[in-house]
Amino acid sequence: MQAPESQSLPHRDWIVSVSPHVKSNETVAKIMWTVVACLMPPLFLSVFIFGVQTLIITAVSVISCVAVEYVSQKALKRPVSIMDGSAVLTGVLMAFVIPPGVSIFLPVLGAVMAIYIAKHLFGGLGFNIFNPALMGRAFLLATFPVAMTSAWLAPVDGFAIFSYFASGVDAVSTATPLAVMKEQGMAKFVEMFGSGTSLYTSFFLGWRPGCIGETSGLLLVLGGAFLIYKKYITYHIPVSVLGSIAVFTWIFGGEGWFGGDPILAVVTGGAILGAFFMATDYVTGPSTKTGQVVYGIGIGALTVIIRLKGGYPEGICYAILLMNPLSSVIDGFFKPKRFAGPVGGAK
Amino acid sequence: MTNDKSISELLSRGILSENPIFKLALSMCPAVGISTTVMNGVMLGIAVFFVQVFSSVTISLFKNVIHPRIRIPSYTLTIATWVTVIDLVLAAYMPGAYAKMGIFVKLIVAFAIITMRLEMFACKEKVSDSFWDAVGMGLGFMVGMVVIGAFRELFGSGMILGYDVLGYKPLLFFILPSAGFFVVGLMMAFFNWIEVVYKQKKGAKA
Amino acid sequence: MKSLLTFLKGGVHPPEAKGQTASLPIERMPVPKELEIILGQHIGAPCTPTVNKRDEVVEGAMIGEVKKGLGVPLHAPVSGKIKDIGTSAHPMRVSAPSITITVDHEAAPVQYDKTDWTTMSAQELLAKVQEGGIVGIGGAGFPTHVKLSPPKDAKIDQLLLNGAECEPYITADHRQMLEHADEVVEGARIIMKILGVSECKIGIESNKPDAIDVMGKAAAAVSGAGCNIVVQPLEVKYPQGSEKQLIQAITGRKVPAMALPSAVGVVVQNVATASAIYDAVVYGKPLYEKVVTISGKGINKPANLLVKVGTKVSDIVDYLGGVKPELAKIIMGGPMMGFAVSSLDIPITKTTSSILFLTEDEIDATPHSDCIRCGWCLDACPMGLEPKEIAIHVEANKAEDTAQFGVFDCFECGSCAYICPAKRPLVQFVRLAKMKAKR
Amino acid sequence: MNQILTITFRLTVSCLLAALVMGSAFIITNKAKKHNEHVREQKVVYSLLGYSDQNPAPESVHLHEVYRYVVAEAGQQFIGYLVPAPHDAAAPFTFVALDLDGKMAFQNPVNAAEEKIREAEDRKLAILEAIGPGKEITFAEQTIVVTDNGQRIAYLLGGKFPGFKTFIAVMMALDPKYTLLGFEVLEHEEDPGLGAEIEQDYFKNQFKDKPFEVLKGLDVVKAPLPAEYQKALEGDLDEAEIAKLMEKYRGNDIYALTGATISSKFVTDGLKGIAKKYAYRLGALDSVLKEQQIAVSF
Amino acid sequence: MNMKRLRQLVLFSLAVLLLPGWLQAADFITGQSFSGDNEITVTFAGPANTEVAGDITKYTIYEEADPDIRLALASAKVADDAKSVALTFADPLNTTQTHVVSIAGLTGEAITTFTVAKPYFGYLLSIMISALLIQNFVFTKYLGLCVFFGTSKKKSTAKGMGVVFTLVMVISAAMSWFFFQFILVPYNLGFLQIVVFIGLVSLTVQAVDTILRKVNPVLFNSFGVYLVLVIANCIVIAVPLILANNNYNFLETMMLALGAGGGFLLALYLMSSVAERLELAKIPPSFKGLPMAFIVAGQFAMAFLGFSGLQLF
């Protein structure tokens, strides 16, 4: 190659690559870290109402996920990508769907399942078929059924968190609203949690027993809304999941038809967390908008089926896991509309 | 297939190089379904061993009488007969173990490995060779089942053959039904990996 | 104010980055010592030289022609002496046959006389267009006279002028429209006569309000019975300048896959092409000059230059005071679809619209990672294709199966690769797939 | 044609051979199977009564099997019990039928060997023969009355009730005052680690020694098992301590298994239902036997 | 002609399914069902005598199998329009049992008797759904794994395979049921079930093969290849064995076969859709192929745990 003639040119090689030469400033890492950031407010609220234990569990979960990611990538001779935040996100999400009172040993095991088996065996981020965090949870639920279904803590009065530090009083264990509803009936539920608008608001704000990150609907919705605003997710999946949960619960949830309580169905359990942060996982969900709506409705329907008729009080985790493998089928059905068909085709 | 096969060759083929579970990947259903304890593995292994040996010998004995057109029906009949026999025997004398294995004893009748040995080996070879081949295959199946069963029993309930070895239960997960898939999958991968490493070492030496 | 139109599906909105040059008037660059004119400047068969080494040529004289097949003649941009008939560096191919002319700076400038085109027949006009060596300036260089003679069974009812200029940085068309609005509109009228249509719409993106204004006035001045030229403001969205997207944006019609715009009764021409047609028909001046945007943070003095075809990039760099040390990438064409070059010896062709000197903070050099199936590329693709699937299949050595995802409909606009958060070179994957997949 | 004949012939022969093998295997094993099943059942029964290989049941202990049938005759229904008669009676068994209000309807001696009575089919035929035509009988259940030196010491009841997954089959023992002596889970498909814990001693022993009065109203509480009680239930304490604690918690409801409230509730309700029904029926049967002076072996 | 036959068959079977419901209701009683744990709701054709309907002493209620155990009523609440009554019981009801309700003096007759049971149709459906999802033959019963792993690489193959399996399973289950019910049980030949069932499966396969070849060669060409694989497969033989164990009646058998076949089809389809994605994935070399398929199946099995304990009806 000839040297540049001009004197004014510094001598160096120009980058030669394929078009386009400008790219948007969105990166995978940016997306992941933003989602993680959106999950921080609910976590802090959780620390506030359940105690530091939740923070420790989340930290253990994150650290073990990152560690497993590092080890897996080293072992499989792949580039280490722990800085892209995906393992951190998996760690946070997995911690969010386990009860606050479990041993810190659990998330370590869950991380192996979530990161190594459910993700890296498939080829790493982008190739997994099932949502790693939820697979980790399903594994923990199968392995430690008692801890995972009973280590719930009652939310403490806002200021008790400080006395927790002072006195080290153990938190009070309790049952989740959905479990009470399922196992002890609606009467007991009303006795424990009350009813009406104050119930909805306290549940929506997060003052209820539940998994570490699922209780505060408000903060989760705010986080989700921020992601929608940033265009990282679209409204399709959250709206269709929550909408179908509400509608199906309304139709089938009560005695007879149309007697269920749609608002309660949305604000209890992990519906909001699942709808905004789990079901919207890029890798395991469909890519087309129509497909996403169908996927969301499927998740909502399965959630309601499991909640009302199934063996578990909450069903959204399994519902998402069951819909995960269908996402490619759904994408196959709802391919994006081509700009125009071939010549001679219908215009 | 040559006619001259030493007994050890016939045996090792079934147990190692053509292990029905890890190598041929046949008869996977029980390997996943009821491999939660070593005992289950041994029991079903015995049943399969029995059926395999008796069927092989029977077919080998009557190979000249069996008309090629009704070859497959004859195999099926033979296998079904011996399965019925072992089913009745187990039900009568080992009701506890039999109950644990449930429907899988009867399902030996549909094991691909048995029919395959009959078709590939017993219908052509001498009775004694067929016998040893069947013994190898039956043992191979049993070994596979026992290995998986030992793994799951040890890590699932901390026991081996019902004796408490660890004193605590490490991971309930392994005795759960769905773990069967994971354990078999991981073991297969493990054996593949060993093979690759072994070959590499061999290659490095040569 | 008319409502802003745009195409329906996909598209992205990269930073426009036109501020550097949008307000700079077109500046005629002095002719350098030497020009290298590449013989194949249009789609079709390359020209064969009609001159020999050491021949003297005058500005505007034909130096190459296409004897067989699709093509237009090539003209000498300057008076001078044929120095060599050899090869030159080329942005897409490594090298290409070319004619080198040593410029005769002493030669008297050629004078072109204005003629009245309205008296000419459509056939004569078309011949003038061909003789003028006019090709599609905005696009790949398709011979314009071919485009202006649509198949007989096609009923053309509209002419669209493409003033969208959707690629970032480029302002050449913008300046042309501002400074030569009348020529553009007149060129449009010539085309309308050739096609025998009475409707013409000029699509201009709304980030060029001054151009919309000036063009609107120019169009209104000539519009009347049997000639209706209007300016249609468009939403700012890439790739609006693509023919099919522009047609949909303005007319709402969809051109079927593998079909030409004439299938839906439309012919699209670039505004710069219209201007060139005006020159060729009214003055008989062939296409040998070109407005090129020189921009990017890596060049000392950005400009909109009127350069002779055949001017080498290095001459332009010298003229503009050299490049900055931060320069990382040189692109011929727009940042979305242009080609990165490794040498400055490349000459300008009829289709060169810009040369960008980009620094590292303008380009993205992040290494790409695996697809995370976010589906953004599906949303961005203006053709409704599935770039992620194409790429994943190519990576898994299954490029043959990609036809189902519409790989052949792709015109490589780069929207998908622009938007991809994993920074995947999706266009490159598509090109690979096109090579391997069978229709 | 010849070929077809050959094939047919050979197939027939092989079928016959196979049938021969299977048939003989069946005949040989069938008896052993029945014997072993019976032995297994007896083992469960004795273990519930507190006997084991180390501590075998004394000679004086006898098991008396009572079979209950639902008898239908011309739109009317009766509850019939096949009860063993004393050794000196004319027929070894008596079929006693009660009407739905627990009043005597009819009784017939059944003359059949004990081995025959064990076989469901033979038993049915024997009863039908004894009670005469026009009646249909459906087997309902089998219960065992245990006597020691002629004194009733326990009742053993089998039962099957819905569980969380499928059915839970149990065998339970009641003393003559219907105090629950204990129960054994025979069959279940509950979730490992959750509902499957109903097999564990600390759950089963909670039911031990619940008096009938408590049993009738027994419910499940969703509260953690007190540590001392758990130790007592698992037998980790010395006997006096255990007895004290068992006494302390005797009147309590059942502490549900953690994470398996539903399974616990099913077991509790199931046992409660079986015991209540049995107590009612045995009361009716006893009063009829007494009233009609029908001699039975227990 | 064929379609007409089919329609007749469907109508007939629907009639058979629904008939019990019609016959059971006495004229005045238009509806009776369990509502909740300890409640039975009875609806009448017209307004009932509120004094009778609201008097708990007029009712005699027992489980069909236990006619001597009367269930204690806590209250009988007559609706305002007197067209229905809600019977509340002291203890929770065992709703799996058929309950017999008699009301004295409600109508002209002395005693009105009718039965309350969960809809039989629902029971049938629950058998099918159980075999389809809750006890999915592949993911929770581990049957048919060889074929499952062998033929789940392409969606089209998976669909064809699943359909053929379902077909064979339904036909062979029907034949096995008849054989079992009318030959093996009456003649005490239960121990021959393995031989008989496998023979019937082979026969079915042969018959389907022959008929399909004659009737619909196109279909045969697309399905024929799978037929060979069906014979020696445990999932097919498992259906008759299960029905023999559980003493199912014919309709229940059909539902089980349909559910099992459908479940197999579902599993194959799910697995094949995933397999198409797996082919593009960067799986570590030692996991390529079967090991990965097992891991995926394990994950499916874990996801299917979500259905555990599901009771739709």
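Note that the chains take the letters A, B, C, D and E in the order they are written out, and that residue 1 is the start of every chain.
We adopt the following convention: a contact is a pair of C-beta atoms (placed from the backbone, for glycine too) under 8 Å apart; a residue touches a chain by one contact, two chains touch by 3 or more.
Quantities reported herein were computed from a predicted structural model and do not represent experimental measurements.
Student: Just knock out subunit B conceptually, keep positions unchanged, and give the connected chain sets.
Tutor: Without subunit B, the chains stay as one piece.
Student: Going by C-alpha centroids, which chain is farthest from subunit E? Tell me that one.
Tutor: Of all the other chains, the one whose centre lies farthest from subunit E is C.
Student: Farthest from subunit B in C-alpha centre terms, which chain would that be?
Tutor: If we average the C-alpha coordinates per chain, C ends up farthest from subunit B.
Student: Quick one: most central chain, C-alpha centroids?
Tutor: A
Student: Counting only Cα atoms for the centres, state how far subunit C is from subunit E in Å.
Tutor: The mean C-alpha positions of subunit C and subunit E differ by 67 Å.
Student: Provide the C-alpha centroid distance between subunit B and subunit E, rounded to the nearest whole angstrom.
Tutor: Distance between chain centres: 33 Å.
Student: Distance-wise, how many Å sit between the C-alpha centres of subunit A and subunit C, to the nearest whole number?
Tutor: Comparing mean C-alpha positions, subunit C is 47 Å from subunit A.
Student: For subunit A versus subunit B, what separation do you get between their C-alpha means, in angstrom?
Tutor: Averaging C-alpha atoms per chain gives centres 43 Å apart.
Student: Which subunit B residues touch at least two other chains?
Tutor: Residues 73, 77, 80-81, 84, 88, 172, 176, 178, 182 of subunit B each touch two or more of the other chains.
Student: Among the residues of subunit C, which ones contact at least 2 other chains?
Tutor: If we look for residues of subunit C contacting two or more partner chains, we find 370.
Student: Do you know which subunit A residues sit against two or more other chains?
Tutor: Within subunit A, residues 117, 123-124, 127, 139, 142-145, 311 contact more than one other chain.
Student: Which chain pairs here would you call touching?
Tutor: Listed by label, chains in contact pair as A-B, A-C, A-D, A-E, B-D, B-E, C-E, D-E.
Student: If we count contacts the way the header does, which residues on subunit A are in touch with subunit D in the complex?
Tutor: That would be residues 143-146, 148-150, 173, 175, 183-184, 311 of subunit A.
Student: Write out the stretch or stretches of subunit E touching subunit B in their complex.
Tutor: 139-146, 149, 191-195, 198-199, 202, 231-234, 236-238, 241-242, 245, 284-287, 290-295, 297-298, 301-302, 304-305
Student: Per the contact definition, I'd like the list of subunit E residues that touch subunit A in the complex.
Tutor: 35-36, 269-270, 273-274, 276-278, 280-284, 287, 292, 295-296, 299-300, 302-312
Student: In the complex of these two chains, what residues of subunit B are touching subunit A?
Tutor: Residues in contact with subunit A: 171-173, 176, 178, 182.
Student: Of all residues in subunit A, which touch subunit E in the complex?
Tutor: The contact residues of subunit A facing subunit E are 76, 117-118, 121-124, 127, 129-130, 135, 138-139, 141-142, 255, 302, 305-306, 309-312, 315, 317-319, 321-322, 324-326, 328-329, 332.
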